[in-house]
Structure formats: structure tokens, C-alpha cells
Amino acid sequence: MKEKSMTIERDVQLDQDTRGVFIQEVGISQLKYPLHMGGVEMDEAATQQVSGELSLAVSLEKDLKGIHMSRLVEDLIAHEKTMTPPGLIALLLRLKEHQGAKEARLTLAFDYYLDRQAPVSGRIAKQAYTCGYEARLEGSRLSVLQKVEVPITTLCPCSKEISAYGAHNQRGYVNVEIEHYFTVEQPLNIRICLEEVIEKVEEVASAPLYPVLKRVDERFVTMQAYEEPRFVEDMVRNVAVFLKEDERMDRWSVKVTNHESIHQHNAYAIVSGGK
Amino acid sequence: MKEKSMTIERDVQLDQDTRGVFIQEVGISQLKYPLHMGGVEMDEAATQQVSGELSLAVSLEKDLKGIHMSRLVEDLIAHEKTMTPPGLIALLLRLKEHQGAKEARLTLAFDYYLDRQAPVSGRIAKQAYTCGYEARLEGSRLSVLQKVEVPITTLCPCSKEISAYGAHNQRGYVNVEIEHYFTVEQPLNIRICLEEVIEKVEEVASAPLYPVLKRVDERFVTMQAYEEPRFVEDMVRNVAVFLKEDERMDRWSVKVTNHESIHQHNAYAIVSGGK
Amino acid sequence: MKEKSMTIERDVQLDQDTRGVFIQEVGISQLKYPLHMGGVEMDEAATQQVSGELSLAVSLEKDLKGIHMSRLVEDLIAHEKTMTPPGLIALLLRLKEHQGAKEARLTLAFDYYLDRQAPVSGRIAKQAYTCGYEARLEGSRLSVLQKVEVPITTLCPCSKEISAYGAHNQRGYVNVEIEHYFTVEQPLNIRICLEEVIEKVEEVASAPLYPVLKRVDERFVTMQAYEEPRFVEDMVRNVAVFLKEDERMDRWSVKVTNHESIHQHNAYAIVSGGK
Amino acid sequence: MKEKSMTIERDVQLDQDTRGVFIQEVGISQLKYPLHMGGVEMDEAATQQVSGELSLAVSLEKDLKGIHMSRLVEDLIAHEKTMTPPGLIALLLRLKEHQGAKEARLTLAFDYYLDRQAPVSGRIAKQAYTCGYEARLEGSRLSVLQKVEVPITTLCPCSKEISAYGAHNQRGYVNVEIEHYFTVEQPLNIRICLEEVIEKVEEVASAPLYPVLKRVDERFVTMQAYEEPRFVEDMVRNVAVFLKEDERMDRWSVKVTNHESIHQHNAYAIVSGGK
């Protein structure tokens, strides 16, 4: 083993690397941090404190040995109070500049709470929606991906059709992703908010889910679901139809997963599209 | 820092410990290993190779610094082909003796596959059941806990009763645990097998789950579930009733969890009992 | 199938049950809700909004068919702003009374954030600690269990002793549970806070973890860990020693799990005790 | 509600759909099934029974209402004994034809066990490697993605350089994906096996992981890791170097994730490339 020399002055990360490999993405992941979200409404005022899980990364030139990991968390701290889409982009720019990198990326996942009102009794309680962002900066090109998971009820049309009474139904999950492309020179151009997407998804399900249902409400949603059967194929198409018609996004995708009540496995369907 | 001396001869684990703390359980966990299970039928012949996840541990006297971790895996290897209840107990005895410990414990989780036949079409396919064992040896006292999770369909009696048509139903999970106490002097006395428990649980559900259902089968299970509604309370009681009457176990518990199709949260119920 | 009668008036839950099975615990689980915690400091003032995951349950007499599930969420909503230990007990009492039950139970898990300061550079950032409560009311007897997971560094004494240089080390997790028993007539008697437990655990580890470390800090913690090696047995004993001496709790347990850097499996140890 | 008519004869899946949405992927997911793998060696002889988790899907034309879900499991059963790359492709072709679809896809994840020998004592035990396949058929174009996760030890060069003694190290995970493109007319052209990739990854780590290490082995791997420090950047580059030079694949990617022993968050790096 080579003789040990104390070199706190020497920063190994700044050494030359000779392997000739450009690293697209290097940073930290599974970082939990309390954040203030502008939220799914994109309304700066309507903030909600969330417990976020993040990844923060930059690219690394082929001749550089390593990045400065500790700066990633320091840069996040400077933006923790403003994690709105504009704030996310400001953070991306800071990450890129602070590391002298060509590219910067971040992902963020968090539970966002919205009030949901029972359809007959009017009872109101909060329901959690798992939301997320993926933002990427390459040179001056920017992309922002909005993500949301909407839990719903789906009732099987085949089961209803072929049975004298009843129909199997189950909890399903609709994962919608909406992507926007622009440049650092452009004004931020994100006009759709996740709350709007959540509501449209719930409208086209057999029935939405609710945190509180009294018996009159349970009767209502049971019969609503029976009157509005949906295959996983129907559900994914219903969402695709309104996403296709929406001019406000560059790319979109929707995945529906039904936790089949008659099987241990799930049924799923995926449709994606864009300009 | 104290001068470094090369002492491969010295085994730190054998040092004296002066903190006066007896450790009930020390060992390894989340060890994945391929095992041959006598299986839920407890029939030595009917073995199935499974991918097991294990924990292996022993107790440690208050004056000893540490155990010999590597021996735990070596002892497992000597028994990997015979992980039947008698094999588990043989392994426990080996763990205890090999470490000179007062107590030894192991836990094992694995997916076990059983054929399931569609009720009308007769189609057969395999369904996975998550099974497990927890075995413990204290001096000469032995306990073996058998565990199984049975996925089922449950249909809500209230939803059916109050609605003009339809009823919400969902996938539910029934977790049964059965415990047996005896001593190393006694002959092994485990007379119940998990396959029998699985079948009894499926019989008292609104409907069992199946890996393959043709349309005639789907009609059958849809109507069966509608005719046999179960609250989570009903389901846990149906299982408790046959466990209470069974003389072959010392302790038992049952937990039922319904993945409610009208809520994002689950409904659950627990009953336990014994001699 | 019996003739369908519309009976929204009839509440199936109120039917008589004849199976003779008392249910110890029936309710809801995996309910996500935004809560205001008095927090690990138990200081009413120092609250933090958290994203909680809860289970809420009561017991059910053997002659009653079912409980009123929707009331569980309604009762939670009435207490969401005061989830301090006194608030948890008030919620327990409400759950019990609102369902006319003998027993009530709740569990709560949440990430709580505390500032952590780098040892040399003094950089401050937040670190998440997974905390929890389990509270139970049986007649007038109360128990409250406080739970916390503290991530740490552990360095292997054997590896250090037998190697000419270096020593394997890894991330470890210390799970501490502290239980308190009292009655509804007694004043609330919880004098220990999780933040105090977290700090004591970090003090007896090879080194604590930090959200941000500059190079001078990394040098400090690297050498600290090398000078303070800990087997999983040492770590569990170090925590047990201060828990044993603490008069403020009725029961306690500690589990340490090392994600061994030389193995794919973990090493773990458990000690528990009490008055 | 429309008058209920019993129409077991009518297959709703065959109805016309008017929404005009082509579904790229519809099928089942999280299906557990026992499978015989040709395994990472691609040697038909050397099979291993594994517990697989699969997704099976096809595309659906815009004018068709739904697919035949039950056929997906039936098709799998016909191939469960031959899940080698040729078997996977045969299954893909069957899925496509059986549903009259343009495209078919499958994913498969499983734990594969390989013997690992301690470097000094020579002790042998099995270690689990999480492996997977993603196969896709579009018209006559085929792609097969091989996936493997290799757990390793990484020791931090910066920590070693700046500290008088010791260096932080931790468990890391290297996820390699290798993709092959060809057509149904071509002979199967997969010349690289995952076992070869696993061994190359373990060779370029600070040290491999082992299921069993005696003290002489622990000394060896501790000193080996100290002599071979790796940043997450170094590790991802070491793997990228040998993947870049390999002519046998069309696309590849490598992700390295270090479970930092000084932080609660992870460090990660990603490089991808291809012809």
C-alpha cells in the first residue's frame, strides 16, 4: 500500500479522469426534505408543506473525476420554500452553474392533499394524491414532467354483462404524466395543473374514491359504478381522449392499473402521445 | 490513534463485555437463499424449490462481546435441502449448539405455488401464496409458528343491501398464523398444514381468487360473491370460527385486510385466540 | 337469490351476529392524512405539519355485526390539528365512545425533520427521522408507545482489528420503542421525547449521519468512526444501557440493523426490557 | 337502469370502440409464477427453478373494445418450462398471434442464485442476483433487454485521501441493462450472458460481496477495498468502459447506487450508450 500522506488540501474530485466516459447523470437520490409546494394548482399563494423525496443530479465531463455532492443539498436548501415550477427551474439552473455542468436534472415525489366531498351527505375530508415532477436542463433546453396518481373505482363491463346480478369491481390507479418543452429564454409555459387532471380522471372513472362515505353516499357510488362499467382499456382511453385534445402539453402518457378483485394479478393499459 | 498491531489471531468476538446486557436476539436478516420446502402439505415427498428470505439468530450472554455471524449461513447451507418443520427444528438446534447459545430463532418467508382450477371451465393454473415460519428454541422449549396469506374477494353486505343494483367488492388478504408449543424431548407435533388452512379460508370468502377465469367462470364468481357478501368483520369471524374449533394448535390469529374499492384506505380486522 | 328490497333505512351493521366471536380490533389502515404534530419535543408550540399514515380501530362485541367505519375518519378530522400525545389520547377516547366499544387503538407513522449541523464546517440542513406512535385504550387502561428510527454509521471492530489498514463500515438503523402505561384517571405521564432519544443514540454510534458534509467534515466523521468501532452487538448494548437506566418509561426495546457493506444480508440485534 | 338481459353468449370485448385510441400496451402485471430459467448462462441444460414476477401485454387496435386477458396466462403456462431467451421470444410470438395483435411485450423479474467462494478460506455459498428480461415484438421487429443488479462494496477515495486513517465504505448496487435488436426472420443473436456481466462488475468494484466470509476473508476484502477506492463516478465508468467495448449488444446502460454510510441519502450515477 502506498505511503499515506495527509492531503486535506487536495480535492480528489478535481483530478483528471482518463477513461473518456461522459456521465449523463450523477448526484444523490432518496433525499427526504420538507418542502413548500406551490402545489398542483400552480398557485403561488396556495402552498402546502410536503415531505418530499428528491433526486438531484448533473452531468460530468469525461475528463473530470467527480462532482461536488454536498453542493446539491446546499442548493436545494436555498430553494426549499419555493418548489413551484418556476422554483424548480431556478434550482435546476443553480445546480448546473454551481457544478459547471452541461446538464442538470431533478426528480421530486410528494403526497399532495385535496378536499373531497361525499356526493350525497356532503361530508368533506382530505385525500392524498401522489404527485411528482421530473425537470431537466440540457444547455438552454428545458423539460418539465408533471406526474400524478389518481386512485379510482372500476367496474368490469364483461362481468356485468354476463352475470344475472352483481359485477366485479376494484380499486384502480391512473398514472398520468404530462411533459412540457421550452428553453431558458422562453417565459415558463405550464398552463395545466395536476388538480385539473385529477378531476378529469375522476369524472371518467366508474366512480371516484372518497375519504368519507356515509350510507347514502355508499349507495350512490355503488349504483354509479354499476351504471358506468369500465374495462382497463376503457379507462385508459377515456383519459387519453381528453389528453389528446389538450393543446397545453408537448407529451403525455397514461397508465391505468386495476387491482382485479377476482385475480391476484393486476390488469393494466398504457397509452402515450404528443405533438 | 493507538499503534496498529496486526492481530488476525485475536478474535474480538471472544472478548469480555462489561456492559452487563444480555442480547435476546442477534444474527442476520434479509438473507435470500434457494430452499427445498416440504411445503404446506408437510409431506416430505411433495417438495418445491423456493426462493426464501430468512433471518437466523441466537441469544448472547451478557459477558460475551459477539457471536460468530459466518456460522449462521454455514449452518443454513447444511439444511437447505430439508426445510420442512423437522428440518427447521434441526437447524435451530444446530444454530444454538454451534454458538453455545441459550436460545435460537429463525424466520422464513417464501412464495408457495398451488394449482387452482376455474369453477366452470376447469382451467388449471398456479397461484402464489406467501407463506412463512417463525421457529424459536429456548433451552429445551420449542415453538413453531406457521404463517400464510390468502388473497380473496369480499363483497360488501351494506353496499348490496342499500343499493338498487350492484355492490362494491374488492381484493382482500387473509393472514393466518398458527402456533405450536412443545419441547425438544417431545416428538414433533404439527398436524395442520397450510394448504388445509388456505382451502378453508377460500371456502368462507365471498369468492376465492383464480389465476385463470374464462367468461363462464367470471359469471360464476361474480354471482357467487354477490350471493355471499362479507364485511371484513364477517370474514375474520368466519376464519376465527374454524380456528377456534381446531384442537391441533396452541395459539392462532387471523387478520383480514380489504383493499376497499370505494376508498384509498383499507378496512381490516384482527382476532386471535388459543388454548 | 332472494327478492331485492330497497332498504336504505336498514343498517346492516346493527344486525345481531350469532358466531360468538369478539373482535379485538376492527377499523381502517393505511390512511394518509396531513397532521400537525406536537412533535418529538412534545412541545405544543413546536409543531410541524407531517404527512401521516394511520390505522384507527376499535373492538367489537360478539353479538354485533359491524362497526361504523366512516366515523373513524370523521373522528380523526376533529383531531388532525392536535396530534400530540394528549391529542392522541383524546382521539382514542372519542373513537371508543363514538362506537360504544370497550377498546380503541391507533397507530401513526410519519417523517419528522430535525436540523443537523456538520461537525467542523457547521453547515446546517434537515434530516428526516421516521417516527411513530401506537396508542391503546382498554376500558380505562391506557398505553402509549413512542417509536423512532435513527440512521447511523457503524464500523466493524473485527475488520479494524484484523486488517493492516481500513475497516468495513456501513449505514445502520436503530429502532427504539418506548412504552408508557397509565389510566384515563391519571394525568398524562410521558416525560421522555423522541428528540432526546435520537441524540443519545447518535452519541453512542460509530458516527451519526449528516445531510450535508464538506470535506473537513467528511475527514472528521471518517476518523471518528474508525476510532469508535461498533459491532451490531455493541450498538444495541450501548442503547440498552441508557434505556435500562431511564426511570421515565415502563417498557422499552431497541433493534439495530446494519446494512453490512461486505454482505448482501444485514446483521441485527434486539434487546428489550422494562420495569 | 336498462333492463337486465342474460347474455353470456355476447363477448363485450369484441364490441366496436369509437374513441379512436390505439392502445400500445394492455395486459396483466405482477403475476407471480414458478418458471424454469435457462438462466443467466443461457445454457439450456443449466436450468434453475425461479419464482418469477411477470407482465404480459399486447397492443389493441383502435376499433376493438378489449383483449382476452385470460389467454395471457394460458399462453404463459404453455411456456413456463422454457423461459430461456428463445422461449421468451416463442411466448411473445404466441401472445401476439393469440390476440391478433400488432405488438406484444413481456417483462420478467426473478432472483437467480450463483455460488460465490470466499477469497481466502474458499468457503462456498449461494448469492442472489436480481435479474430480469424485457422483450418486445413489433410486427417482425424484436428487442430483448437483459437486466441484472449486482451488489458490491465501494470505498470513498476522497474519505481515504483526506483522513489520517480509515475511509467510509458502503454497499452499492450496480444495475446493468443490455439490449439486443433483431427480427423474427433472424436467428436469435444473444451472445452475452448475465453471469459474465456480474463477474466483470464484481472485478471492477472496490470489492465484491460474499454470502460467507471467515475472519481471514474479512481481512482480505477489507484491505482490498481500502486499496481500490471508487467514487460512484469511478464505478459507473469502470462498468461503462467494458460495456462500450463490447460488440455483442446494441444498447446498454449502467446505474450505480451507493447507500452512503455517512448520509441517509444515496449517491448514484448513470451512463448509457450503444451502436
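Going by the order they are written in, the chains are A, B, C and D; count residues from 1 in each one.
We adopt the following convention: a residue touches a chain if its C-beta (ideal position, glycine included) is under 8 Å from a C-beta of that chain, and two chains touch if they have at least 3 such contacts.
Predicted model, so just to flag it, every value in this text is computed and none were measured.
Taking each chain's centre as the mean of its CA atoms, D is the chain most distant from subunit C.
Averaged Cα coordinates give subunit B a centre that lies 24 Å from the centre of subunit C. Chain centres here are Cα averages; for subunit B and subunit D they lie 28 Å apart. Of all residues in subunit A, those that touch two or more other chains are 1, 8, 11, 31-32, 73, 128, 158, 162, 164-165, 211, 213, 215, 219, 223, 226, 263-265. Taken chain by chain, the contacts link every pair, so each chain touches all the others.
Touching subunit A in their complex are the following residues of subunit C: 1, 8, 11, 31-34, 48-51, 70, 73-74, 77, 111, 113, 123, 125-126, 128, 164-165, 211-216, 219. The touching residues of subunit A, when paired with subunit B in their complex, are 127-128, 151, 153, 155-156, 158-159, 162-171, 207, 209-211, 213, 215, 218-219, 221-223, 225-226, 259-265. Chain contact summary for the complex, subunit A toward subunit D: residues 1, 4, 6-8, 10-13, 17, 19, 21-32, 55, 57, 60, 65-67, 69, 73, 157-158, 161-162, 164-165, 223, 226-227, 231-234, 236-238, 240-241, 244, 257, 263-272.
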